[in-house]
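Shared between the two complexes below is chain A, which pairs with chain B and chain C, respectively.
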Partner chain A sequence: MIKSTNRFNKFQKEDILFSIIIFAFIAFTFFQEASTLSLYYIGFISNIIIFSILSLSFMFLYSYTGLLSMATSAFYMVGAYGGIFAIKYLGNNFFWGLIASLVLTGLFAFIVGSVANLTRGVYFMLITLGFSMFPYLLSRGPLKEFTRGQSGMHLRKLPSFIFCIDLENPYSFLIFVITILIIVYITFRLLPSTHFGKALVSIKENELKMKSLGYNTWRIKTIAVIINGLLAGLSGYLFLLKNLSISPVMGTYFVAAKAIFCSLIGGINIVLGPIIGTLSWYLVEEFLVIPGFLEIILGSGLVLVILFFPLGITGTLTNLGSTTGKNKGRGKV
Partner chain B sequence: MKILSVDNLTKYFGGFAAVKNLTFSLQKGQITSIIGPNGAGKTTAIRLISGELNPTTGSIRLKDKDITNSSINKNALLGISRTFQVPAVFNCLTVFDNLKMAIHTKIKDKKDREDRCKSLLDEVGMSKEMNAYPAALPNHKKRILEWCMSAIQDPEIILMDELGAGLSDEELTILYDHIIKKVDKFTPLFIEHRLEFVFRISEKVIVLNQGTKLAEGTAKEILCNEKVKEAYFGNNCQYGG
Partner chain C sequence: MFLKAFFNWFATWGIIALSLSLYYILFSLGIVLTFGMHKVVNFAHGALYMVGAYCGYIIYCSTNNFVLALLFGFSGSFILGALLERMIICRLYNSDSTITFLITFALSFIIIGIVKLVASAQFRTIKMPEALSKRIIMGDIRIEIYRLFFIIISIMILIGMHIFLTKTKIGNIVRAGTSNSIAVEILGINVSNFFTLTFALGSGIAGLCGVLFAPLFTALYPTMGDEIILWGFVVVIIGGLGNFYGSIIGGIILGLLHSFGSLYLREYVLIFTYILVIIILTIRPQGILGGRE
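And now, the complex of A and B:
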């Protein structure tokens, strides 16, 4: 059961699958544009991609570094609120919002990571769970004059953007988020061939050995949490641009649980996993509408996947036909 | 030249003294071994010296530097390297990447790093397995790889915890040959249960029992020591003739 880092160097089945999905999204966009159908599904796909980025940020921390962070949703919320404050008070510009959300989530992730990484295992998860309630409770309590509490905040007008991309046009917005997803995907695929990526997987395998080689593992793990935070914050900011309306619900641990769920059913040890997982969550939610039964379907789906396909949907798909990789990753979840 | 000196080292776990008033020193280039029955505190001693644990009382000095309360990663940079009871190599990385991971903290120049890794692999005869994963290697090669990961960091001391566990005599001899070749550069401290090897190669043997030092001396002195015999075999003669 070796999760070799070498496999990341080669073009794999999962890359082909990823290309197919991206191609399908883009083809769908142009088909919609040509047929002038409703814009609903364009927004639907944008939402899938934005949440995929959040799931990927969770997957990065869990699968590469072995840290199960519940604070992902808090970073998501801080990113969105940071963006909206900057746009309201600093000026209606895309980049002000982006910088503010990244700086705020980076700082918050540094605080969370530096404290939580003093512990390990389930204690790490509990401390991040505690921290994840901070933004939610702050926005509903002491800061409610600014954040308008439970009713959330709204953008009246989308910020201006350079590079001749019009964010108000749903098609160009979709292409914009697809580009970001592709960049994130390629970065994560190439990461394990860099020294930093190898250090992360080595820490996951044997932290004491890494320490005895002279590595400050606390620092490396904190950097990993910051990367997780920045990516989740970016996802939250994109959510703000897409929906123009945010509320503290974004910061509850249900959102973190949803990201974990999507990663698990998609396949936790594969970069494509969270994307497929998010896609299946949204498709089930959208097309299997039996009132009140959604959670039952999703929950029993999760149980079945963990029991019978421990590699997740993606892992099972990419392992089809290969005899060597059978049962690889069983019990990792 | 005295390279490491340990003074009155004591470690309590709750009320239990795992190591008590341990005092010894390592000379540069001298092969020293710590032996003792199970639960004697050998591994705890290594964990204290390497910095994984901090002692309750006592002091540890590396050359002239006090490292009593230093952490394990700082000690590694100062020159105390360590191998583990179960060979701790990274199964997710190739043999070559394992070495590169080890040398990365010491040398900044990329070309230099790779050259050193390659020449060390040549020296121990593992250049064929350069791109293999450690899980595919036999146990003694994993041990050699782990020792290489320590040696490539150019440490002052290598603490080796039960190197011989799970190895045949031939494999252990190969391993010891590699280590003894480099004794002048890296002073080894062995913890070993394979007494025949300990007495063959060690210049100094320290015997621990129940956390305290029972005896210290050359192999011959230890073999003739009545207290050591008693610790290992007891003084109960009822089964004897």
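And now, the complex of A and C:
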């Protein structure tokens, strides 16, 4: 539970951890020789960062506002498809794709948020689950001619680029993605000290009180869903640029569940949490492979984390030294 | 003439719609019961259904006895459900619905992983028992005997469930515990045992449904529960979360929509279903038959 907003203004242990991780990423890129294997690992790290942006977008909605949005995966997919349509039909330009994906996800998130926020709790989750199926079903069914159905769409060539960054070079693409991650991280760290952030946290704590104080909680929550959507759409667009090929599988609710898992493993209510969670998920998936045991390991790890370490990895780590912060994490399970 | 054509059409498609509805209703029974008790959004239900189907498959392949396969499908899911409830899900009863959703999701992940490891991700089919694989042909109407068998068995299960819930002592305790578990505990009844029983019963029926329905439409594969689980939730939402009789209505609506809808709406039918769900959730979140909260 986020009790004092002052906590967010200070330089915390999690910021130190975050900078260590970022430095490790950057150092890794610099000390690689250009071989196929190292190029693979650089792409791997880009994938981790892109997915952690998605997890962060989920975390923002869940731990600041208390809304569990299953539509995160749908936003992710809409962002990627919007980007690819713009690049195909409007011209091979990074900014057309960016604008299209953000506008489309923004609109979709507005629809989802405005309807789903009429309810709350489980019903919110179920409504967003219902909405999350739309892009998936549309791309497989009625819009099949445009989206090529199940086989997905492919980009031949990356958009030529922006300012002086060459996106085709995996090194500079990684640095570009890291920059976006840092911007998102700093924004979310500073958010609770702003007026809007405080309003969000108070809605999570006591919505009725906020209503009686005269706040339009529906509007604030809808804006939160839109921010979630925009960030997820951005993540989807980056995924498109990284992998050049997208498919409707991005929009299934498993992707949303993966983002949720990553946030929970890492630690809810801590901005670093989703990043650490995504990192550990990908590391387990990549290096701890005993053939066939992947799902069992990930699933049982999750059950253990949720039942016995409700603060997640980051929460447990940052609380190790302090004696007072025992209940700082998720509060009521 | 027209009437006769209409009757033929209705008999052929009505039986398909009815069997589909009953399939949805049987599957969602467990979800309804668990949600009614503790607001547990049970995503592991699809995995339990899959385990039941696999148990039935093993027995049917080795003994070639369909009734035995049905029994084993039921008991496999029943036992697994009881274990899960006792070990993990009973810890979640007073917690946030999001946490229960995530844990059950993780559980289904684990179960699917284990089944994949043991049985591989290959598609498997349960063949129709020979005695039931024929068709009745009356003029233009063709009815598969297996479908009639399916309909009769499921209606019997539903009636049995109704009698269990309303007439027996255990059912009364379960219903009382659903509406107010503390009051029942004060009366000196250990509610948690009954909750385990109900959870296991719901899972057992899902497993039975997995075996019973396998010869008609679906093949068996480890993720077969992930598709049906969403429809299970849709049924429960339409009928009213936690309302047994509501889920019957929800199942009939969904079955009609999916069978007749796929005739006329074609590829829009799934989207139409989700739009219906969203409208119901926004306007009447407690469902058609659900009471006020």
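In the analysis below, the second predicted complex is superposed on the first by the 319 of 333 C-alpha atoms of A that agree within 3 Å, B and C clash if a C-alpha of one lies under 4 Å from a C-alpha of the other, contacts with A are read in each partner's own complex, and residues count from 1 in each chain.
Note that a residue touches a chain if its C-beta (ideal position, glycine included) is under 8 Å from a C-beta of that chain, and two chains touch if they have at least 3 such contacts.
Predicted model, so just to flag it, every value in this text is computed and none were measured.
S.K.: Thinking of the overlay built on chain A, is A:Asn206 touched by chain B (first), by chain C (second), by both, or by neither?
M.R.: Once the two structures are laid over each other on A, A:Asn206 reaches chain B alone.
S.K.: Scan A:Phe131 for contacts with chain B and chain C and give back first, second, both or neither.
M.R.: second
S.K.: Tell me the contact category for A:Gly214 with respect to chain B and chain C: first, second, both or neither.
M.R.: The first partner, chain B, only.
S.K.: One more residue to check, A:Thr194. First (chain B), second (chain C), both or neither?
M.R.: In the superposition, A:Thr194 touches no partner, neither chain B nor chain C.
S.K.: Once bound in the complex, which stretches of chain B touch chain A?
M.R.: Listed in rising order, the residues of chain B that touch chain A are 50, 52, 71-73, 76-77, 81-82, 84, 88-94, 97, 100-102, 104-106, 133, 135, 149, 153.
S.K.: Which residues of chain C touch chain A once you look at their complex with the stated criterion?
M.R.: For chain C paired with chain A, touching residues are 39, 41, 88, 91, 95-99, 101-103, 105-107, 109-110, 112-114, 116-117, 230, 233, 237, 241, 267-268, 270-271, 274, 277-278, 281-282, 285.
S.K.: Over in the complex, which chain A residues touch chain B? Could you list them?
M.R.: So the residues of chain A touching chain B come out as 2-6, 195, 198-199, 201-202, 204-206, 208-209, 211-217.
S.K.: Sort out for me which residues of chain A touch chain C in the complex.
M.R.: Touching chain C: residues 62, 68, 115, 118-119, 121-123, 125-127, 129-131, 133-134, 137-138, 141-142, 257, 260-261, 264, 292-296, 298-300, 302-303, 306-307, 332-333 of chain A.
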